[in-house]
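Each of the next two complexes has subunit A plus one more chain, namely subunit B in the first and subunit C in the second.
And now, the complex of A and B:
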């Protein structure tokens, strides 16, 4: 036995020696094949570390922003839960009527760290036109003065009046041109003339001197005759997650308050999505400047060569009205002084100065951008909503009625890694009490009230198909009985109805944890101690909830993330496919290289066979050569791949040059990270590919006979 | 000669065909509709509104409608249900405002506003101003159920802001009551069909005559076919209204 073993060792040594000699002797071939193997390993190491980093980043972003580890929602819902919206819009979910009960049940499941109530919806935020906003401010002053009596000095009130007069003056200038080109014979002109006359009155000193004599009538005149001439404003849509802000903050570290402060525990409030604020609430000229800067700095675009950038510049220079309307007379003087100094001009017309500032080209852009933010922006309100303001959110509720709620803005929130995602970055965070008011869950009391009103009216609905026959098929001419005028006393009726709808300052209320939990929610995010236990925990959660009488569906964070989750799955597939293609190409190239190499050595192999080498020996010889090449060059490739990954990391990563890349990278740059497991797997796969690709040439070599070798004219 | 006698006999015996309304008669028809519904003094009506929408709970309101037709002013004040009490609309100088006392804010709305989220528009509860807002064209005479009606097409005049740019009316020949309306978008697409099966009149001292009003209105949404709205006018009060009623301050005071 020991003799046979010693002979095998001896054979093996000879095999390795011949293989090494062959490799060294055929340096060119070895280098080419080894280079291909090394390149394959570099690509695989780099690709897998990029894929791992993207996957881990997006997982972290979604789990840490809104998804959690598991999401629960009412099992009776027709739609699947889509946290970031589905392709058909917002999912319609049946409510979880008692979140407290679900929370109690879920927290009994081992490994559950937190349960966060959620309700995602969209609503409208009324912005009004700039005149309406300014008039609302003045009306509040008038109300205050009527309630408390006018103070001896009221600078705020006077400033608001002066501002409105200036706005009317600007509007008059703007509409003057329209009047000049109007056809004086047309009927429209008569209406327009009445508008111009109203505007002229709003600019006159006499109107403002007599304003205080009847401030309500003066306000009504401005609101109904002047403000409609300013054609702007309206509504914007807001998408929000109603939640328990304290629990949300603990569960989702990715949601960061970038300005202002978190919603205080137990209070009502909203954190507006930063991207939403940038896109919808920011002064348009400032937003366009930001976009031009980003296009220049990040994407290398130039105003001189880019039509879109030129259009933005043109819009900025032509649309200075938004800026001028914000400036009251004092601020206008200050703006003129600052801009004259910064631009080195003696121009005194504010409109021309602002237009000159915004008339940017590639040469002056950076300086003008700096002047705008350093000199002009401090005099402006850059966002139509700022921290501390109240916004009115209005939503069609589930009970059919439109609900409106005033809610204080505590700050702006950004979801780390999803800042630029149009789907995720637009999300605002709202306290769950306000959300419940907007959601308008139809309580049994409200349903009973509606039934009572219907019964009192005695009305019956008629189906559309039967309407004409039912309403007009009766025959005779419809009766026209006279009815005697009656007395309608709205005060008595309002009192009898049980409510006068007085304004409730709900935001002053404080809520305990039990109050926050007790009520409706649409879904719940579950955070686990160990995120690797998602799959095994899901059925336990469903079972625990069922025992408590709440039927829920459990889905992973990836399933719940809707379009975002689907794009992430797609991305994974694309990346895996790319890696697969790289392997396939490497396999073919290595295989071809080895076949060529084997064919070149027919004579040598034949000679070896002639002097007694067995076929197995020849097979082993080729395999040893390939394995050695794979190990040496695979190792070199892995080292090179690691080095490249490290260098990319040290140089700040791969910069995201557009929003899609920003989303994929979960941030402004992708810093690839090496995972030991994926590194080992990559090297093993390349090694395996090398061996597989050597099998065919090895079989060819094995079949070479001494006769073929002698017949060969090679060499 | 013999043929001519037959033709004369045929024309004599044939049922009288509908004589088309000439443009002047058509305009007069529409002016009469407005005139019958016009009240020169103030107008106050207690109204019940019920809307059914697909996949939603029914929406029901009791509200008061205030009109001062001479000045084209209008107020809606919602009374019930409790959550809606104190909300209202105010129309002055072609501005339509909405007020919600819970948030204490006024919002500017358009003529296309769906009152209280139902399929009712401002014009459905306001004074009829069809002859001011539209030009009329007779389309034919026909039967609606058992009623003989004129069918008239109305097209919005230039520069007038109305909820629907064209409207088709079915007017009872016997009484002059509008029994059916079809309202179309600019593209001609049918948006809403309305029925007015019950009309009443009330004696107005200020007008020195009768004021007609539809006691029952039924609106069928032609886009969302499952949606319909019913409006019932429960009572009318023709006493002069508070001179300051058509102001923001008055509507605000109702919820204080």
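And now, the complex of A and C:
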């Protein structure tokens, strides 16, 4: 056909003209259809910007905290590596028996910046109880008096003694109550008779009158016979990553020491997870106050209307013992003075004063919170473990024994972006030597050595303890016997005293890099120069390791993050589903609206057909109408989405109102980021959806015959 | 002698209405010469519209052949038939059938755009000429809804003639107009017929309208029952 291209241009012009005018003429329909399209695009733009920034935040947090770029672990492992724990508990990995060899191989691969050995596990941990703290103070007094001679006046010493006596009294009351419940004739009671006698002695005036005659013996009695009866402190579980602290610090800038100091290079020590400390080590009353404050400030919950908050308040007023136990007479007096002033009362009973302080309601909460932290807290040890303390970690080792290791707390660590994640924020960082002791990896030679030792000991009951001692004594460290970690038997787990000399030796020891690398690890985090090269580097790492005789599996940081990675995928699915639903609805509505419009216009379409418009023309007419609506309103929606994203950004982002959100947002607020990809996706989706929804009405329009023009009914 | 513009030979049209067949036309033979101003008359249901539809290529006969400007409509594809309507036939409808959202100018321009043969300047000149000749030069920017029935039908006449087709069909073009306005429309059509030699075929019930025709074909019950020359019209 001649001039068909120019004809098409002309037709196109009138087509767009008619389509536009139709759109303007039926404003209501256009607004409804356009509104839905715009809404859909807003959701796509906003949703994907949010997801993109969650994604980026999580990537930064996880890569910078524990994940690195690639994780390597023994290819023979049946479980997958799960840095933040699997859905079914800790995954069991086969060990990498010689990390040094893997490290050497991996560093030959171009683009690899760092390799960090890791071993992640959970264990029981026991910390000193308040008794231990009080005893430690008294012991210091005794040492001071022995060194300098007893001063004439020693009020501190007397106060510390009085404190211990009071604690013994409280403990006795507690155990009496327990005894009343238990049957006195039962075996349990008989077993514990000695305990009750010991307590009775510690409460008696006679014991304290004669304390100064042999302070060391008296201290030992309190330490060995009385302190273990107190269950304070007790056990908690700790999740830790055993690693080379120096390499770890270099590789993971997201892991920040928020209190204390990093573990000195080559030395043993632990950095406790800050969140873990908050959850498990903080004085319970203080922790509950924090939680009430957060509930009130962040979630707008009110004590008057919230059963949980009421319960916390009740627990706080009822359980003042934790606080009172920490206060020796001097501090008790000071606390009473301060609280009387702050609360404006003449009450002199410390228990009632503390209880009154903690009896909070919505009106006085903020004031009481301030008083607690400003007045009372400075007199207390808020955390049961402080920098410089030793904790005892006890884990079932690979060799079948329970390993038990003392380790000094250098500080508290927080993972940036994951501070409040129950999964990630609980993680503590442990030196790899201690980790290896706990893990108890048996090389064949070591197994043989233990067998020999057992034989020598004649396989008596003590064999096991000796084997443990031998095991730890022979650790990866050079076999200097004095450097053996303290092995503590189960009965002594509660007592953190004793054997200080050996302990201090060990923990002052510096291990060289070669010693740190040579030994077992469970996985290795690989940091690349260029994070975009993860996929292509993975097979190279596996190959290089295989050449060095180490068979490893390589996974991305996301895969290794287990539940976390899955939650990301889930979020994305939810967004896609929401988008899918919105656009399915949009599809139906646009389709219906256009079908109705077509039916209304049958006569007009028939007329166009009669006077010479081809089918293609009316088909295009409908398509142009819908696609124009889609693009115009899609554009408006995109603009609105962009505007919303900007406004959210300007106003500081979306605040996280709970821990899950805090975790997802990798921080206190989420600032959505606009991605070209999300904009392009929304345009593509709108285009596709409008074409799909126009297909049926367009088909109907195409089927309109020119005969319809002749119908004389209706004008 | 030139080829007739319309030539229907033994045409039949049967409509299927459920189970019953409606014989809208039977054994119709009709020749329309170029330049005629032909009226088709007959009672309601006699088949006037059906016959015009067949001539207009809007529908095809059940039997027989219809030739328009030499083309056998039954042998054309849908596309070609549409093209035939576009290039050879103008339509004037009983209900005017303007595109509501377009202006008067755009409505008249529409067939030219579909044809795509003229530049925009040519189109403008052509449309303006036609609007002038139907007396609506001042209404180019109006919407159909702003016009009276008679004015709308003038626009329709202009639209039918804008592509300069040899044949214009009008099914009861005055049925929706009062008799005075209807008269002016017929006068307008007759003027165009005289001036350009365009063939007009229109149906009507109205004897006064018929009286303008150069010839009247009478239908009854789907058959042509007679053809007469309207001398009154000729006399003018």
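Definition applied: the second predicted complex is superposed on the first by the 559 of 715 C-alpha atoms of A that agree within 3 Å, B and C clash if a C-alpha of one lies under 4 Å from a C-alpha of the other, contacts with A are read in each partner's own complex, and residues count from 1 in each chain.
Simple rule for what comes next: a contact is a pair of C-beta atoms (placed from the backbone, for glycine too) under 8 Å apart; a residue touches a chain by one contact, two chains touch by 3 or more.
Keep in mind the model is a prediction, meaning the values are calculated, not measured.
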{"item": "Contacts of A:25 with subunit B and subunit C, given as first, second, both or neither", "value": "second"}
{"item": "Subunit B versus subunit C as contact partner of A:10, first or second or both or neither", "value": "second"}
{"item": "Partner chain in contact with A:396 - subunit B first, subunit C second, else both or neither", "value": "first"}
{"item": "First, second, both or neither for A:604, with subunit B first and subunit C second", "value": "second"}
{"item": "Between subunit B and subunit C, more extensive residue contact with subunit A", "value": "B"}
{"item": "Subunit B versus subunit C as contact partner of A:223, first or second or both or neither", "value": "first"}
{"item": "First, second, both or neither for A:176, with subunit B first and subunit C second", "value": "neither"}
{"item": "Overlap of subunit C and subunit B interfaces on subunit A (superposed complexes)", "value": "none"}
{"item": "Touch list for subunit B against partner subunit A, complex", "value": "44-46, 48, 50-53, 56-62, 64, 77-87, 92-95, 100-108, 116-117, 144-147, 158-159, 172, 174-175, 177, 179-180, 193, 195, 197-204, 210, 212, 218, 220, 225, 228, 230, 232, 234-239, 247-249, 254-256"}
{"item": "Residues on subunit A engaged by subunit C in the complex (per definition of touch)", "value": "3-4, 6-11, 13-14, 17-18, 21-22, 24-25, 603-604, 607-615, 617, 705-707, 709-712, 714-715"}
{"item": "In the complex, subunit C residues that touch subunit A", "value": "49, 53, 56, 58-59, 78-79, 82-83, 85-87, 90-91, 93-95, 97, 99-102, 106, 109-117, 159-160, 171-172, 175-176"}
{"item": "Contact footprint of subunit B on subunit A as seen in their complex", "value": "126, 128-129, 132, 136, 139, 187-188, 191, 216, 219-220, 223-225, 227-228, 233, 392, 396, 398-402, 404-406, 442, 446-447, 449-450, 453-454, 457, 459, 461-462, 464, 467-469, 471-488, 490-491, 493-494, 497-504"}
